[in-house]
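Quick heads-up: structures coming right below.
The same subunit A turns up in both complexes below, where it pairs with subunit B and then with subunit C.
And now, the complex of A and B:
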């Protein structure tokens, strides 16, 4: 703590707040009150025990503790919670942060070194926070001849697009931010945005190395989108739906990777290319073009791009799990909630406390989330692993891989799916 | 006035399709030098290497210091290979002053020189790995290098700039029990570098990436005057340890590694094979070395050359032939000292190799030339 603020004194902190109390109250009045009004008017309030729960009544749990859990559960069904916290941004950012830590420690073990060690008590677990603080405190330098509005906007759009991708991922039955019927089409649409953002940011910085990196990223992403889309058609043919939740539900007995291994492999390779990970990290090839399209980014702009990259990594890994590994389905390993607590309450000596609203989450949901996280982390592990094993490949090798080999294999995959469908083995009305 | 500007700064009229890139000196893939690259799309049209950013005037400095005080500063151009860069100087001074070196000192020199070649090559290999985006190949050699650095520290007292070779032998005798420690560490080192084949040299992506890039034919390699691993990768069997044996190399069984392809892959594999060969040479030298005896001839303070005289000596360093030309006019200081280094001679091949290559091949070809910018600038 002393490293960040060497002369921190609480009294001075309070005094600085008191000095600026006028402005704080003014900002609160001008921004906070309208925001509260908008929330009151536009957000749908839950009904508990036949009573509409307004934000004013939300605090009644202080007087009546038995309302705590129902209010909490009602809050967790709101869109705000889903977007910001659980299946949406917060959950994805947490997994992304864990991914960065795992990547650093795993690569360090592979390369016979220690990795993050000092920051945080256990194995440098707070290293990411330290890096984040450093990025926030650094100056953001913008090239003099850059196209400033686009240069500023590109990282923000990048994170927003990655977050939109995350919103489409179903984590557990019913736990998805945007449960759209054409979910897979929406995924393709969002993936199509990334090359545009990349080339915008690269071109707007008005520098040679970012420009070359942006062009490379454009080539790479556009040419790998085609095998990516084609490799997923097999799953769509067999399930007959584009809704991601229904695709997961169709794999309750067996995951599609058993029948469509070629599609899964193609999709995995295209994931590596879309994420610009080694061996496909040509747009950021440091020994050739400094840092590629990220060269001119500095400070928290760079941090935003990295956040977006790791959100994208989580989203792609989760998409692989949803489409090929059966999403949340798996054997029941989460212990059931004890029935006697619901019926009899918790007995603590002479006192018996009956808690209404238990259990907060159903057993199926917790089990599903557990399986989802296990599978996603496994896929992320295999996405990270090539970084320690392979060198970078060249752009012509990359394009010939994408156009000649992967697209051909993707058609083979589609024929396998069609064969299984017409043979009556799988799909609607199949024997399995 | 524009005509007087250094290359790369002058405005040139070029085709609109062609973009000029200044790769370096502030670039993760350049080192202490600049490569002015003109690219058309992804293809390199022309390439102009621009060394000289770390020129330190070593040759001029040598004219103001006597033969002994020249030792520590002459090894500065390649601190990772400091024994080998001192080797021709020390051999030359010994011939000028007419000193006969004890047998044990010669073997110690061979051991130190081979250890140092491995230390340098590991550093070079680490950078070659990271230039190709292979971060494990950066960390492994950088870590395994410590084994030999520890050995050299035991031998000489310093981790990198050893200043171990002096006219008349070596500065210190070996520490007690050094032979056993050295044999053990070298055996382990050999086992480790054999493991690199699985992750790096046999890696299909690496082979696809570097094979048939920057091909230097046998005739071109001789015509351009390249030396060392670059020459031997093009199929010319020319190793000074075998062709012009110095010290006790003629008593040892030295095998020189030659490959015929002449591409980046062959140029990157030859130093690795040389490291394995160095392990063999060290084991032989440890076996044949006299177990006791003097390691250094006492010199008079401030030794002088015998009148007007000149001498040229060269050795096989980690980067090829390394020559030292000394002119003496009978004073305690050399009249002129010239270092002829392999790095600079290999750099000459770069514009020929990069022409028509893809930009992605630039780091692979550039670093496979076994070029050390500081040594080339001297």
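And now, the complex of A and C:
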């Protein structure tokens, strides 16, 4: 018996749904349809192929199976689709959601626990949906003395900045939201926004634990940005470009991690620090300062910050793949689309269905996306792994690691890259 | 389109600059300063030089504004500022600024800037690098020396020999 609704009756539930459907249909027929007719009367419809595009014709085209796929393909080349769905936000959010579940389950297995188990039939795979619903339905509590505009704006700007970071990542040849010429510099510029948002949201909540966490986050992010930028200069020196797509294209024969392993290691460590993950999770140290700069967040504000954090995790892992592991390049393992379906159509006994517009995606694109996802998931696994293995380190050890060791190693990496370049081995005009 | 963006950017830049000066809250003032610096990055984008724009964002918004913000957060405002409201000084300041801007504007307008053709392709950032390594190499070496000196000095200043840490094991 449910505690939330003790007088629940299934028949009344069905009746209420049917009632709602009835009223929606009635209002739509009486008001919606005439309103649509009146509006359409005043809009000039375009003429396509000598036919006036009436709404009936448009519906017919959409329902026509021989035109559905071309319309779909045309939609997939638009910027809206790229930003919202595939290489942009939707794809990244899907990977982020998967990451959260895998992290909880894997961490539980590492610590001999069960992890999410009861939500959903199999191993608690619906736990994430349950958590999301819980966060959406909870009240958003704002501290009485908080600075309300910044407190409201900070999580939204955090997600927006993480999404802007995601937009720069090339997933497959030609599949990138913003293919800018100075892509890597844009990445550096966007990374610089995260400490500002963190410290502002920490300050605005007007509470001690968030402020301590925010100052720790600021220290950590600002000091690890320098080795992060320096560790990527080796790749830039060898490729001679800042465009991320061109950097991936330059690794068609071998990934840069073979020649610049030190840079890859430094970049990985700085990723851990920028993402505030264990062993560098001082800003959120839950055993010392409650939840760090997230302490005062509740409800969907907290959900937004978590979404932004995991989007950022995906983006950094993807950046590692793009810069050091060769991005989408890999052996062709995706099977080619069967030729006879394009030429003859699908034959099922007496019926032959000829579907124009196939294949939707080219073989190269699907193969590239497959390799990209495999590599990114691998890097995400290695980012998650230290959480079950390492303890948290002190802030002075963190800062001395960042300022003394990583920056020095980054310069070693740059000199290796310069040596390879001037020896004529790699780079523009090199022998490899 | 470009004119509309230019106007919007000018309003944002100048408006947030005035806000940065006039705001009572220091935090909001430094946020407005970030708006100004970001607006200047927008001008660089409009001038077809994304390289400079990204460095403007990364250095000014990402580092310098953060330092200002961090300093402001550790300051108790009441302790260091006394309210000195002087209308005459304010108006004199505004007048001085207007005179300065008009003079600067007339100099720029008379310098032959109107005859520059604007349909040339944008400068590739590789050319900037090549110029720095060939023609402007003394400037590059001077900048490198100054930067190295300041970084070394900062590290030496930040180093504290007097603190004995018992917990330190490394």
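What we mean here is this: the second predicted complex is superposed on the first by the 370 of 432 C-alpha atoms of A that agree within 3 Å, B and C clash if a C-alpha of one lies under 4 Å from a C-alpha of the other, contacts with A are read in each partner's own complex, and residues count from 1 in each chain.
The criterion applied here is as follows: a contact is a pair of C-beta atoms (placed from the backbone, for glycine too) under 8 Å apart; a residue touches a chain by one contact, two chains touch by 3 or more.
These figures come from a predicted structure and were not determined experimentally.
Legend: residue contacts after superposition of the two complexes on their common chain; A:388 is shown touching subunit B, with no touch to subunit C.
Contacts of A:113 after superposition: subunit B is touched, whereas subunit C is not reached.
Using the contact criterion defined above for the overlaid structures, shared-chain residue A:218 touches subunit C, although it does not reach subunit B.
Looking at the shared chain after the overlay, A:281 reaches subunit B, while subunit C stays out of its contact range.
Contacts of A:242 after superposition: subunit C is touched, whereas subunit B is not reached. When the two structures are aligned on the shared chain, A:290 is found in touch with subunit B, with no touch to subunit C.
In the overlay built on the shared chain, the residue A:203 is in contact with subunit C alone; subunit B does not reach it.
In the superposed model, A:189 makes contact with subunit C only, not with subunit B. Residue overlap on subunit A between its contacts with subunit B in one complex and with subunit C in the other: 394, 396-397. The part of subunit A that touches subunit B in the complex is made up of residues 107, 110-113, 208-209, 212, 278-279, 281-282, 285-290, 387-397.
Residues of subunit B touching subunit A in their complex: 19, 21, 27-29, 42, 129-140, 143, 199-200, 203, 205-206, 208-209, 358-363. Taken in their complex, subunit A has these residues touching subunit C: 147, 150, 180-182, 185-186, 188-189, 191-193, 195-196, 199-200, 203, 215, 218, 222, 225, 240, 242, 394, 396-397, 400, 403. Interface residues of subunit C facing subunit A in the complex, by the touch rule stated above, are 27, 31, 34, 50-51, 54-55, 57-58, 61-63, 65-66, 69-70, 73, 125-126, 155, 165, 167-168, 170.
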